[in-house]
Amino acid sequence: MLLGRVTGSLWATRKDEKLNGLKFMLVEVWNTTANQPEGNLVAADNAGAGIGDLVLVVQGKAARISAENLDVPIDAMIVGVVDSLEKNDDV
Amino acid sequence: MLLGRVTGSLWATRKDEKLNGLKFMLVEVWNTTANQPEGNLVAADNAGAGIGDLVLVVQGKAARISAENLDVPIDAMIVGVVDSLEKNDDV
Amino acid sequence: MLLGRVTGSLWATRKDEKLNGLKFMLVEVWNTTANQPEGNLVAADNAGAGIGDLVLVVQGKAARISAENLDVPIDAMIVGVVDSLEKNDDV
Amino acid sequence: MLLGRVTGSLWATRKDEKLNGLKFMLVEVWNTTANQPEGNLVAADNAGAGIGDLVLVVQGKAARISAENLDVPIDAMIVGVVDSLEKNDDV
Amino acid sequence: MLLGRVTGSLWATRKDEKLNGLKFMLVEVWNTTANQPEGNLVAADNAGAGIGDLVLVVQGKAARISAENLDVPIDAMIVGVVDSLEKNDDV
């Protein structure tokens, strides 16, 4: 899973109609070593995430498993909102 | 999903005939943090995208799910044209 | 498989309930050529890993195969704790 | 799909025998934004590509779909030789 | 497929028992354009590779297809030892 921060949302009117009803969030992938973002992706949301939340994102088929719909053409899903991250920088 | 901008199109006469009838677009992957492109890919189009459009691209099996044809040898598909992107740079 | 070092753990209360019961570890991907980390990911753990351990991480469906549950929406799993790594820098 | 340029070929005598009969090409992934290569991969060829050709490469299962053999252990296939690439740098 | 060089091997006592009997090699991914390594991964071996060998590595399901065991939690396999690589730098 990727660790990311939700930084926005987006709308698409012209789209594959199999995506109807899904909300798409812009997620900045977060590099905890450098403490900076490295790239971004767009994910559907199955965890009720909001702007600013630190989230877990799964990719590939895991996104469709989370959606409980293997026929939806998505490849990224927010599956959790991180409450607490404990990092040990000494290791 | 990746966020990208359609910057071109391409033609291939010699190809796997299972690709016949598909149109391929050149898509620059867009990094919204740095506000610059980072690499590019080629995708089929299931959203009626044109040059200059900001688009959503799915990869892997999701591309074939969007095509509603699991036997077509593609791994990237434009599934939406982005109308509006709202980004919060304060988070 | 990726080689990584476990540097932390994280908790998510709001999440896809299909993730209940899984523990998530923060793993820094380790570049053995540069001897420095390059990015990080979050993985479930099937090897009893602890903070500081050098671990093997599988991605994609292999993570669900390791979990012996193809319906869990994860895409990364720690499958081994490395005891010994022998590297030959002369080749 | 990736856009790449065929820059070489390679031979392997000791190999998984399920690869027998396949020809492997060295492909430089081409970044059309920077007009420079960024990394490379090795792909089988289903489009009759030659040295110097600009090609389309699919990855993952799409490579095996192109081969019309889901039991061959490959993850990259050249599926087209690009005749013409029209890029608009103003967008 | 990736082109890489075997630079080491590693052992893991605590591991998913479905990995028992597999040998894991450290592989440096080789960038033929820059003639330098770019990152590394760990792969099982189905080609009898040794330290220093230039090898072909498949990723994802292709690794399990090579193993002829779709239930083993691996995502990278050495499928060939490269005897000869002919690269044309003029194209």
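Every chain is named by a letter (A, B, C, D and E) in the order it is written, and numbering of its residues begins at 1.
Keep this in mind: contacts are C-beta pairs under 8 Å (C-beta built on N, C-alpha and C of every residue); 3 or more make two chains touch, one makes a residue touch a chain.
Given the structure is predicted, the values throughout are model-derived calculations rather than measurements.
A.B. asks: Quickly list, by label, the chains bordering both chain B and chain C.
C.D. replies: Of all the chains present, those in contact with both chain B and chain C are A.
A.B. asks: Tell me which chains count as touching both chain C and chain D.
C.D. replies: E
A.B. asks: Taking the mean of the CA coordinates per chain, how far is chain A from chain D in Å?
C.D. replies: Using C-alpha averages as centres, the distance is 30 Å.
A.B. asks: Nearest whole angstrom, what separates the Cα centre of chain A from the Cα centre of chain C?
C.D. replies: Measuring from centre to centre gives 18 Å for this pair.
A.B. asks: Residues of chain C that touch two or more other chains: which are they?
C.D. replies: As it turns out, chain C has residues touching two or more other chains at 60-61, 63.
A.B. asks: Starting at chain D, then chain E, how do the chains run round the ring?
C.D. replies: D, E, C, A, B
A.B. asks: Touching chain A in the complex: which residues of chain C?
C.D. replies: 5-16, 18-19, 24, 26, 28, 37, 39-43, 51-52, 60-61, 63-64, 70-76
A.B. asks: Could you list, by residue number, the parts of chain C that touch chain E in their complex?
C.D. replies: Per the touch definition, chain C meets chain E at residues 1-3, 31-33, 38, 46-49, 56, 58-63, 65-66, 77, 79-89, 91.
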